[in-house]
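I'd like to ask some things about the structure below.
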Amino acid sequence: MSRAELVSGMGRSTPDRIWVQGRDLCRDLLGKVSLSDMAWLEITGREPTPGESKVFDALLVVLVEHGMTPMAIATRLTYLGAPESLQAAVAAGLCGMGTTFAGTAEGAAKLLQEALRDAPAEADLAEMARGIVAERFARKAVVPGIGHPLHKPVDPRAPVLFALAEEHGIAGRHVALMQQVSRAAEASSGRSLPVNATGALGAIASDMGLDWRLCRGLAVIGRAVGLVGHIAEELRQPIAREVWLRVEEETARNAAKGEDEHG
Amino acid sequence: MSRAELVSGMGRSTPDRIWVQGRDLCRDLLGKVSLSDMAWLEITGREPTPGESKVFDALLVVLVEHGMTPMAIATRLTYLGAPESLQAAVAAGLCGMGTTFAGTAEGAAKLLQEALRDAPAEADLAEMARGIVAERFARKAVVPGIGHPLHKPVDPRAPVLFALAEEHGIAGRHVALMQQVSRAAEASSGRSLPVNATGALGAIASDMGLDWRLCRGLAVIGRAVGLVGHIAEELRQPIAREVWLRVEEETARNAAKGEDEHG
Amino acid sequence: MSRAELVSGMGRSTPDRIWVQGRDLCRDLLGKVSLSDMAWLEITGREPTPGESKVFDALLVVLVEHGMTPMAIATRLTYLGAPESLQAAVAAGLCGMGTTFAGTAEGAAKLLQEALRDAPAEADLAEMARGIVAERFARKAVVPGIGHPLHKPVDPRAPVLFALAEEHGIAGRHVALMQQVSRAAEASSGRSLPVNATGALGAIASDMGLDWRLCRGLAVIGRAVGLVGHIAEELRQPIAREVWLRVEEETARNAAKGEDEHG
Amino acid sequence: MSRAELVSGMGRSTPDRIWVQGRDLCRDLLGKVSLSDMAWLEITGREPTPGESKVFDALLVVLVEHGMTPMAIATRLTYLGAPESLQAAVAAGLCGMGTTFAGTAEGAAKLLQEALRDAPAEADLAEMARGIVAERFARKAVVPGIGHPLHKPVDPRAPVLFALAEEHGIAGRHVALMQQVSRAAEASSGRSLPVNATGALGAIASDMGLDWRLCRGLAVIGRAVGLVGHIAEELRQPIAREVWLRVEEETARNAAKGEDEHG
């Protein structure tokens, strides 16, 4: 049976060399490129320009740490149960990076990329944004990339990211449209709905030419770093056992009470 | 009931600020620190020195990519089944970073740290290494951090990492002991058993003061970057479906044959 | 600050007893209820009727094994890398149970439950099905629960499940609507689009009163069983290393060729 | 290059049939075998005897539910973040089934199987147990399968499992040795160290002929059922958000206090 060949340019090894994206890892990369440039190379297959390097680094850094998130707690609880598998504890935390939290970078980037894919250069972005918002609001759908339950009236990460993208010549139509979407949503709803960190990330990544399906990957890289950090602190100053015991104790107490009353 | 307080210095948020390790993320870190410096800050709670920064970056970069590993294939197969959950595909790949592959950084660091914890400054490392190797060989145990099935006679990553650690004043007794362990194992076995990439990583991380239980975490961070890269390539140039169909077809053909013969 | 109480009836322990759903595990359940009845009890909080017991068991059994799926291969590759963490190998496989494969039980159940939630008893299901299909086809959306790339013209699992649901008095409006959806889709497209295994699962689970958001959970339970089975076979008769080496070799060979031609 | 063939007897499909372990799923299994018998068939490749069926079912049921464990909390937190990926929430919970908790079934089974592999039929199990305990205590190692932090003086699950294994003619030398190990450890330490649930599971599974490396798999199957149950309750009566907010609030409050004092 005739089959497709398996083709990949990611890397390969010979006894004395490791090739990564066509480069010699030990001669060309190790000690010469940063982790974030390496990430760009892995994702795009080429080295970043200096501007891309700077902005991409910020996109990876911005989601590393957001305190005691559900992901961080899940990682710590998993590490408590399986300290021999640090990798599985990080994996467990990453599994929670879905639509509720930072996964929304993907939704924002998809929205922007689909809107601009076939749009002429002279398209009116403010009008386009009003259309997007009206359509979403009409079917009671969420507009990804705007608003934040805590960071009000402004998510402080977004302006910093936008300023960096501007400074390094990255900001383009996707960033502009994201900002217009925020304005249109605020005008239509009368509420404060600024671009949030994942909206900024999705918009800037789009202006850098990254497929929207990969935007969540930037959040995943950043958060993997943060979750290893949480394990480091858990080793020095553990909280997982205490969290577990409190939850177990309170639910057991309430259950016992319920059984007394009804039983 | 009196309970321990939950204490963490990782981060916290107020409406207008995000604190990370006591720093203001937006003012002090974003656009100013690299992803790898951020990783160091998360793990140790302080900024790296210039030398630590350089060497730690290399430790994170070295394991990003090693071609079509079992982890990379598992990530691609998982993404095929659940493209809506990129994070779970990376998580699935990370779950395979155990004792067989890069997880060995942990074993090497543990060996070195336990050996040197109470060792006097004037301890003879060559003798110590011979003792370690003899004890392991006697009970037919693996000596972590040396030898590689493919990279012979030398794992080309180790000398580059050691040179960087030397250049930046990081290399100390753990690196020296790791190299002596390799020599002792080669002398005792008569085989080529050079320090491998995870052995170098474990030794250098130990000289940087990192707990051996965190060394696998460096591999996890690096590999998370690489696995996102594999998903990026899978989007452009997929192989997961073909791998699946080939395996399914061959096992089904062999099973049908077996049933014909025996049934 | 006033907070919600943490309440759960799943289980709790005292030194001499383990309570599960208000029952004494050791006195009332262990040795007396089957794994599948236990699953029903855990999910619904009550014991199943004899008919529910029989049908629910079949819903859990049907997806246990489907040969060398991407999930099974991912589990085996992960076990190769981390044999000390069997649980993480099963977890890795489960991560792939998304929208592409068995996760579609969820979509089918959602479709049926939303359509019938407010429908009057005398609603014409054939007409309802034509509306559902027309709306989905118009926006080029997939109709979940029908069609199968391999099992044509009929997915042999669906009629067996439907017969069981009929025999035990479970089959109701959701099953009837699922079958009408298949008919309407076949009439509209002119193609063979029979109800598939996940469509039958979603419809029957809906007639049993299960929330559509839990239907994927039945597939997860069944597949967890199957993935442990794959690890058992991998121990006796391994294939993961061979799959890895073939993929690595072929991609490396093709990459080397490409570099020769272009380099 | 000559390569090993890929061989598997797990299952395969033709357009009108699904073969599982050489049986026709739809004709021979669906509606006829229970989930637990299916699990036995998947793991061993043959149907269980009536006694094996009964005892194996109990081994799978016993670990389904143990209240608000770290695994259950991790699953609920992950589901909060990624409700679209129920499978990843179960996977996250399973990742925590390591050496600290139920993963110990593996350790107990390994101990027993290695001790009895080459032991003559007339070996004195009490003496063997004293040797095992003495050797472990001497190097301050844990003896797996005995003792429980909460269930004292007896883990109530163990006697029920042992009685079932006895009743169905399964209990043999592994069970006897496990009980002797408990007695020897109690005599040597002067503390109450009864066989616990995972010890009983490991011993009985060993007497059923299962490889010790698969014993953790039984716990994984049982717990997968329980974790789907926890998601079902989370849908009706959520606690994950409240757990998260409490932990976040308390750590943030303590961090702010610390910064005030020191800053």
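The chains carry the letters A, B, C and D, assigned in the order they are written, with residues numbered from 1 in each.
One rule holds in what follows: a residue touches a chain if its C-beta (ideal position, glycine included) is under 8 Å from a C-beta of that chain, and two chains touch if they have at least 3 such contacts.
Fair warning: this is a prediction, and the values are worked out from it, not measured in the lab.
> Taking each chain's centre as the mean of its CA atoms, which one is most distant from chain D?
If we average the C-alpha coordinates per chain, A ends up farthest from chain D.
> Given the two chain pairs A-D and A-C, which is bridged by the higher number of C-beta pairs in contact?
Pair with the higher count of C-beta contacts: A-D.
> Which integer distance in Å separates the CA centroid of chain A from that of chain C?
28
> CA centre of chain A versus CA centre of chain D: separation in Å?
Chain centres of chain A and chain D, defined by C-alpha means, are spaced 35 Å apart.
> If I count partner chains per residue in chain C, which residues reach a count of at least 2?
6-10, 12-13, 19, 67-68, 82-85, 87-88, 91-92, 95-98, 103, 239, 243, 247-248, 251-252
> Looking at the complex, which residues from chain B come into contact with chain D?
Within the complex, chain B contacts chain D at residues 5-10, 12-13, 19, 22, 82, 84-85, 87-88, 91-92, 95, 247-248, 250-252, 254-256, 258-259, 263.
> Residues of chain B touching chain C in their complex?
67-71, 73-74, 77-85, 88-89, 91-93, 95-101, 103, 239-240, 243-244, 247-248, 251-252
> Please name which positions on chain C make contact with chain D in the complex.
Interface residues on the chain C side: 1, 3-4, 6-13, 15-21, 25-26, 29-31, 33-36, 38-39, 42-45, 54, 57-58, 60-62, 64-68, 72, 83, 85-88, 90-92, 94-98, 103, 106, 150-152, 154, 156-157, 160-161, 163-164, 211, 213-214, 216-222, 224-226, 228-233, 235, 237, 239, 242-243, 245-246, 249.
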